[in-house]
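Right after this note come the structures.
One chain, subunit A, links the two complexes that follow: it is found with subunit B in the first and with subunit C in the second.
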Partner chain A sequence: MKKSLALVLVFMIVLAALSIFLYTWKNPQQPDEPDIEDGEGDGEDEEELSFSDSVDWDRFRGQGITINVYNWGEYISVDEGDGEFDTNAEFEKLTGINVNYSTFATNEELYAKLKGGGTKYDIIIPSDYMISRMINEGMLEKLDFDNIPNVEYMDDTIDTSYDQNGEYSVPYMWGVCGIIYNTTLVDENDDFETWNILWDPKYMGSILMFSSPRDAFGIAEKKLGFSFNTEDPEELAAAAEALKEQKPLVQAYVADEVFDKMGGGEAALAAYYAGDAITMMEDNPDLAFAIPREGTNIYTDAMCIPKGAPNKEAAEMYINFMCETKVALANVEYTCYSTPHTEAFEYLDEETQNSVSYPSEEVKLTGEVYRALSDQGSRLLDEHWTDIMSSGNSNPATVIIFILACVAAIIVVNVWKHNKKKKIELEEVELR
Partner chain B sequence: MNKKSKFLAFPYLVWMAIFIIVPLILIAVFACTTKVAVDPVDGHRLSEEEIEAVNEAYIEENGEDAEIPEDLIPQKTVFTWDNLLAVSTYMPTLINSIWLALIATLICLLLGYPVAYIISRIKVSKQKMMIFLMILPMWINFLLRTYAWMSILENNGLLNKFLGLFGLGPYQFINTQGAVVLGMVYNYLPFMILPLYSIMVKIDGSTIEAARDLGAGSPNIFRRVVLPLSVPGIVSGVSMVFVPAVSTFIISKMLGGGTNMLIGDLIDLQFLGASYNPHLGSAISLVLMVFILVCMSITNSLDDEEMEGVIV
Partner chain C sequence: MRRHVSRIYMAIIFFFLYSPIAVMAVYSFNSSKSRTVWTGFTLDWYGKLFHNETIINSLGVTMIVALIASVVSTVLGTLAAIGIFNMKKKSRGLVMYFTYLPILNPEIVTGVSLMLLFVFAGLDMGFVTLILAHISFCVPYVILNVLPKLRQMDMSLCEAAQDLGCNQRGVFGKVIIPEIMPGVLTGFLMSITYSIDDFVISYFTHGAESQNLSVTIYSMTRRKVSPEINALSTIIFLIVLAILLIMNITDAKRQKKLQRRAA
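Showing the complex of A and B:
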């Protein structure tokens, strides 16, 4: 038995070693200093592009500076072994500044981390409403735009009201929210350009909603004709009522699970973001995307420098680098979101330029940006959300029943213990 | 125990102080405090109207576009029972989590007990193999295993496809409370079997033989010999399953479809939700801890009694 166990273990180790070997053999590690051929062979479009000399890139070379960058996961172009543009490596090569790159999954995670202190970041890339919250709380540093000349390429038709005077942030990517639907599972005569479709009883059990309260509330608010940023208790209550009404129709409240569920045909309708919709449509051609005319969320993720960043000027150089046409183009091609960079947009192929990632002016006009809610507002929203999520599977009477059951259990155990002790004592007496 | 071996416990004591005692105190402190706006002059607590008035006065003084500086109204941390009282709103969710965790623990016990007994009675060499096989799934990441259940239970997942071959279904498996309990049982079953096994393997076979020699039938042997001797295993198995099950949040998120909110999700929401509210989050955690303590003391009181019985 022991021998067979050892055999199994050896077999598994060999298997693991073999797979590691095959992996490295197929994807040879890039040498630390990429040679010239590697650096230039980035595909046709980029070959024409080179870095501008808008700033003195060599200013910090040789000083051993390291900047800490904190970004969303899968949100920057990296080289996965097929010669794609590696943003951070290129920046290090160009400027001699080291990049320490880490990622987060939600704005709230980023906020909790910065609020908790301990780690110093030079660059963060939060979304609109989180940026305005951080500005309100004095968590961001004003940018020195003399160090970021490339900001001139930014598309000024994009709503940046989250940063009213444009002093704290430079947009990185933007996009819109809409409805993804599976054309084989829905009645194509239905009107998908309205949020009301997510309340259609016909699609009971095949609707996916956002699991983040802010996004879910946003949809209900737009359906009822309110603003995304309403803090009126009555409007919030009405939105909560609408979400409660919708709950029996909803299959699940999701975040990234939407990729599997829509890709695999598990659900028919989902509210999600355009950039992700394009990724899903590549996997499943039956999917389509519609932007409701009641207005939708236009979101922007923008680069900011948090208060107390150790290397502010090097960080501004990084922002300027990210706004280089070549870099912005590589990043938008990698992520499939929408770029605010006007020149990089020109380099995209026509199909992409006309895709759902770049909606019409009309959509941009009816769209609205999330702004930070006040503390009371977000607390109220959270309370409503908890109420919606926990409604229907328990009622207050269970609390009393539970407490009674606990008391009963304690009494029973003690009585039983007492009786048994007595019995044992009696037995002992008898034995003597 | 001599002084030298006590000295060896010192590193753990330091570890415990830093990573267990201090965080517990911090949770208690957070749960009993809150931040309030106070008047910069005399330090009394400001009402919402007063805060509004201060902000408006500032804007009037400095023009429409002026940004209100953060330190215009100082904040102070004060002691309060409000957070703990607010937890009462979430009681139904708390009870629901305890209820689901209890069911999962009971199922784990019913499934795990016979398995642990059977493993403890077979040949020693085979026992190792069986335990190894039981632990094998735990080599795979917890999230991946739960994710796999998602694709099994989905409406057009493996299970419904299989049932479809016989013309049955599709049934609604995923996004129900049943799926959440299944996820708990699946993930925590080894934590029930292991302590049960390690206690049962110590039950001497000759004890059972002696009982049989004295004329006890199988039901009697189980009730009067095996069960009392295995109570310590039951108690530690129950706590090792119940405690993580009651505070889980990822299982309900993935298999419950987000519609079956558990207390773990609620705590998660306080830290990573729309409003960052560590005070309320800590208060909920504290109340949860009290409930777990009550449940555990009930189970433990069973154990104490039985141990006495065994000694006598």
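Showing the complex of A and C:
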């Protein structure tokens, strides 16, 4: 008894020591002295880059300010031991402001967390349509651009109509949607610059589609020549009809599984984003990417400050820091998405500049940005989506047969047990 | 025949239980980020894991919360169990009913209602709310583990102790606590396990500075869950395995000793 108690105690102490160790590791001592040397040993062309000195980075030093940053998972450059640029650590070093970094997986999750209340985030990075929804609902703070001089580097050819007057957000990353295909599994003479290829019966069972309704509908809408943001019931119905028609051809509706399925050659075609396509191509050189000429989705994730942020000015300093050329460059190199930062773009190598991440003006012009749908529109879309998902091959009859089989099995087992019990009882009686 | 069938059956069960873990462990050594294509052996992910602040932070949060929540809920749960045990039959039934409810309640309901409660109470989501939430779902497990031990206990032991001059506090510390200790320990360990496991409730009650491991892993799914998570899970699995082995070995040794003494 005593021994196991001792064991548990030891276990607890080890656990406690470990967690304290991890926690102190997390919050390293703040350097009091501003670091003068910037850009030491950060790799080839970053060496010449330093933080702009026209900004008073030290304004908040020593005041013990902590800002809470809420970003997508795996969406910022971190140092994983190989000397890469560590965004948050560098910001802490430069300004003396502590960064509390946490992550989310979907726009809806972010929205629910903010709407639920009880949270105090200073920086959030939602996507376009969510930004316009949050603006409509008064959830965002107007930015003071005097504190964000680096906004001048932002590429103004990128559609920012989600934030019409550009008062609430500064773009962080953008990208386009397109078709990823495995050159060894498709007929190379086919035309991949059209969404129609995803409806080609030849590729039955090897097409991957988005599992998020908005993206899936977007593709069908573009195929039929509608807008991404249509709320016309007839157009939505037509798009839904097209998706239903496509369903027998689709291998799976996916989110991040697309990396494995395309990387492993399990599927031939998939609709996904350019930045992720580049990541996939690193694993599987047989992959290629095409942007359909009917037009595609151009999405933007932008930095915003939610209403009631405790440290608005420090948050604006963080946004400005993220728009430093050096930082923007490090982040875009880490994520493989496209940077809206014109100067960071210049520092990218030529191969990246010409890659699918930076499509031509033409694509940008035919491309369209998601805007928030009205409640009615999004309800209609959800209804259609549920209908599509429950239609076709997942036959309700199979479910009923499965349930009946289960019930039958349970009955058989019980009857068998009952009989056995009776037999034993009879034998016992005979024995007596 | 029968033995073969049961062996195959066992093999299938173990295959289902352990093949996911095996795959996870194998791909933690894969040199590319892919989860399907094997590109070569590397230990990089283990090195990177200890440099990735987001993961290490959330691991720290998970452990601190598990530790505090399970210690507090063990104390609360043990005291509650003793109280419930000494109640009258009717009120005991009623209280037990309320103890079972949180366990039967779907986690999502618990999570959402805790979130609403914290918002209503004006608490900011953070460490405090996360720990409170974890305590609230751990306490019932401790109660349910301690109560049977109390029932097994011979109450005349307490009377005997009092007859021999022990005061109330002495009876509690020297008789009751040692008797129910195995139950308390099981409750404590179960609380730790459930606290580390939990995703749904943490999802609703975590705040900016208290994001635990399960929530962090979930947030990676938009892009791709990093192989560092494979590495971390493999390490955790090995630690748990080691603890189990040590416990079993010491247990077996003690049993042997007891048998020898008896012989």
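One rule holds for everything that comes next: the second predicted complex is superposed on the first by the 352 of 432 C-alpha atoms of A that agree within 3 Å, B and C clash if a C-alpha of one lies under 4 Å from a C-alpha of the other, contacts with A are read in each partner's own complex, and residues count from 1 in each chain.
The rule is short, and it goes like this: contacts are C-beta pairs under 8 Å (C-beta built on N, C-alpha and C of every residue); 3 or more make two chains touch, one makes a residue touch a chain.
Since the structure is predicted, the reported quantities are computational estimates derived from the model, not experimental observations.
Of the two partner chains, neither subunit B nor subunit C is touched by A:50. By the touch criterion defined above, A:417 reaches subunit B but does not reach subunit C. Using the contact criterion defined above for the overlaid structures, shared-chain residue A:15 touches subunit C, although it does not reach subunit B.
Once chain A of one complex is fitted onto chain A of the other, the partner contacts of A:72 are limited to subunit C, with no touch recorded for subunit B.
Contact with both subunit B and subunit C is seen for A:106 once the two complexes are overlaid on the shared chain. Of the two partner chains placed by the overlay, only subunit B lies in contact with A:390; subunit C stays clear of it.
With both structures placed on the common chain, the touch criterion links A:263 to subunit C but leaves subunit B unconnected. Once the two complexes are laid over each other on the shared chain, residue contacts for A:211 go to subunit B alone; subunit C is not touched.
Within subunit A, the residues touched by subunit B in the first complex and by subunit C in the second are 1, 4-5, 106, 260-261, 264, 266. By the touch criterion given at the top, residues 32-37, 39, 47-48, 50-54, 56-57, 59-60, 63-64, 66-67, 71, 115, 118-119, 123-125, 129, 178, 181-182, 185, 188-189, 204, 206-209, 211, 216, 218-226, 228, 243, 246-247, 250-251, 254 of subunit C touch subunit A in their complex. Taken together, the subunit A residues at the contact with subunit B in this complex read 1-2, 4-5, 106, 108-109, 111-112, 115, 136-138, 205, 211-214, 247, 250-254, 257, 260-261, 264-266, 373, 375-376, 378-379, 381-383, 385-386, 389-390, 393-396, 398-399, 402, 406, 409-410, 413-414, 416-417, 420-421, 424, 428. Residues of subunit B touching subunit A in their complex: 48, 69-70, 89-93, 95-96, 98-99, 125-126, 128-129, 132, 150-151, 154-157, 172, 174-175, 177, 253-254, 257-261, 265-266, 269-277, 294-295, 298, 301-302, 305, 308-309, 312. The residues of subunit A lying in touch with subunit C in their complex are 1, 3-5, 7-8, 11-12, 15-16, 18-19, 22-23, 25-26, 66, 68, 70, 72-75, 78-82, 86, 88-89, 100-106, 116-121, 255-256, 259-261, 263-264, 266, 276, 279, 282-284, 335.
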